[in-house]
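Please find one structure pasted underneath; my questions will follow.
As written, the chain order gives the labels A, B and C, with residue 1 at the start of each chain.
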Amino acid sequence: MKTSLDIKIEAILFFQGEPSSLKKLAEYTESSVEEVKDAILKLKQRLSDGGVVIVENRDEVSLGTNPEVSSIIEKINKEELSKDLGKASLETLAIIFYKGQASKREIDYIRGVNSGFILRNLLIRGLVCREEEKGERGFIYKPTIELLAHVGIEKAEEMPEFESMKKELEIFLTAKNTDEQITDAEQ
Amino acid sequence: MSETEFKIKTEIFEGPLELLLTLIERRKLLINDISLSRVADDFIEHVKKLGSFPMGTTAHFILIASTLLLIKSKSLLPGIELTAEEEGSIENLEARLAIYKKIRDASLHIQKRYGKKVIFLANPPKRISIIFSPNKGMTKESLLSSMKEVISSLPQKEVLPQITVKKMMSLEEMIDKLTEKIQNNLKLNFSDFAGSHEKITSSGVKHMVTKENKIMVIVSFLAMLELVKQGIVEVNQDNFSDDISIETKNVKTPNYF
Amino acid sequence: MKTSLDIKIEAILFFQGEPSSLKKLAEYTESSVEEVKDAILKLKQRLSDGGVVIVENRDEVSLGTNPEVSSIIEKINKEELSKDLGKASLETLAIIFYKGQASKREIDYIRGVNSGFILRNLLIRGLVCREEEKGERGFIYKPTIELLAHVGIEKAEEMPEFESMKKELEIFLTAKNTDEQITDAEQ
């Protein structure tokens, strides 16, 4: 019997014990990214109501424990778990989470303050990651699988108001970017 | 509604939008130019205590204050004409405030869930036997150069915003200076006071060359409005583009709205 | 919804990633060894034909990858171990070397990003080892004896330019405390 793709992927994710990109999974299993996506859907169905769940973030997936069991795992866990976030961190996270990705300039503009210190803190906690912005000087910040895991959701869309907030932020920031004068005045 | 009822005394606000939104919400107002003009005084009151803000954020407060002053002067000085840019910055502040409010509300969704029902990603390595697998060419020297790399990318303290702020006069100082000037000369023009050689419009922010100059004018204007409020001076503007003249006045109680 | 025992056990085994005794599982889940045994039987059935299966060894159980996929897993393992370490890994190692030992918290703070996955990879490759931090939740990382021998030193002080590097790190770590006070005030 040929082993089906979802079984292979489940084993790989378990063995690696860290998030894996869809591309890497495709490579390891000698399949296409599309096939991997389908297999993950299938895997997700098979795992539902079990002790292990799949967390998806953009083009990354990871296995994790069922959020319903969280209090037991917390007792076994030997690493510190951050449970509290300040108001400033929460606002910054909300912008990055709902927008999907945001530059420091955009975050500062929405919050009306310099978010550099907060962003560094979130990076250290592993709740956001950053990438260099194409053609710009700054960085782009993105939510990590770790953030979804801390919030206890399997994908971003599970959050209330996800679609509508995303849209509103996009409209607002597009208007801002076209208005160069205002941006300059703020910097 | 009493003016002093909503004074913010001991709370710390990290940013100007947060303060502004709090002021509006305490009065149970919607976000628009009317509500903004009504909370401008409380906001200015807060800017007066700039020393207690975390370093580096003061400039952000003053920039927002400048837009609030535009809105305020619209209601205070009837007939004032704003440029398209100034009107734009008012609309922009309203939009920013609205989106800030949405983000703040949405952040509660995260707060409610964060750290509660956590999904634990597998942390510990699940290897039965560990095979020692160093990098090729891993030496003392390569570790030293990596160490140097780490040290060179340690974050530097951001000093820029502090410098901007320190160069400015505080609002209190500015009020003292203004009071003194008014006592000495019965009448003076706003642009004399702000110490600029350029023509300033009633809004007090137009045509300024540097940001520092601009902030200076804003602080002056804030101080002036404060004196108007206290009934010490009266502000006159003969024509739209004319300079604002300031006169001492002790007769009437201030009439704001 | 009450989570059933087999789900709890599955999550615990997944998270631990190492064999656990039935007694320990009973303790964690506040049930009897008999109940645990029954739940494991149930779990075994549920997991059969998946990528992750139950592995039993006397009175210990663990999760493991399905033997059917062992060839892929072996391939990935080899690739993982022979892959050149990236810049981030080498920097993390350098910090551990020059500090002699470092907590995850210190490493994260110095690098300004979360080092969880990098440390995990260094552990797998036998380059660092860790022990629980005294009095705190978290781990302290040290170079392994094999790696010290490979590099040709016995202790941190033998590293080139040790004193000056150590000093720079200490200056940064001391400044940390004042910074944290500022964040607290801001949050």
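In this text, a contact is a pair of C-beta atoms (placed from the backbone, for glycine too) under 8 Å apart; a residue touches a chain by one contact, two chains touch by 3 or more.
Please read all numbers here as calculations on a predicted model, not as lab measurements.
Colleague: Across the interfaces B-C and A-B, which one involves more C-beta pairs in contact?
Modeller: Contact tally favours A-B.
Colleague: Computing the C-alpha centre of each chain, which chain sits at the greatest distance from chain C?
Modeller: Most remote chain from chain C, centroid-wise, comes out as B.
Colleague: Any idea which chain sits dead centre by C-alpha averages?
Modeller: A
Colleague: Return the distance between the CA-based centres of chain A and chain C, expressed in whole Å.
Modeller: It comes to 21 Å between the two C-alpha centres.
Colleague: Rounded to a whole Å, what is the gap between the Cα centroids of chain B and chain C?
Modeller: 45
Colleague: What is the distance, in whole Å, between the centres of chain A and chain B, each centre taken as the mean of its C-alpha atoms?
Modeller: The separation of the two C-alpha centroids amounts to 32 Å.
Colleague: Provide the list of chain A residues touching at least two other chains, using ranges where the numbers run on.
Modeller: 14-15, 17-19, 63, 65-66, 68, 73, 77, 79, 81, 87-88, 120, 146
Colleague: Of all residues in chain B, which are in touch with two or more distinct other chains?
Modeller: 14, 120, 122-126, 155
Colleague: Can you list the chain B residues touching chain A in their complex?
Modeller: Counting only chain B, the residues touching chain A are 14-18, 56-57, 60, 63-64, 85, 88-89, 92, 95-96, 99-100, 102-104, 106-111, 113-126, 155, 158, 161.
Colleague: What part of chain B is in contact with chain C in the complex they form?
Modeller: Residues 12, 14, 54, 120, 122-127, 130-136, 138-144, 146-151, 153-155 of chain B touch chain C in their complex.
Colleague: For chain C, which residues count as touching chain A in their complex?
Modeller: Touching chain A from chain C are residues 1, 3, 6-17, 28-29, 46, 49-52, 63, 65-66, 68-69, 72-73, 75-77, 104-105, 108-109, 112-114, 116-117, 120, 132, 136-139, 179, 182-183, 186-187.
Colleague: With touch defined as at the start, can you tell me which chain C residues reach chain B in the complex?
Modeller: Answer in residue numbers: 11, 14-18, 81-82, 84-85, 87, 90-91, 93-95, 97-98, 110-112, 116, 120, 123-127, 144, 146-147, 150-153, 158-161, 165, 168-169, 172, 182, 185-187.
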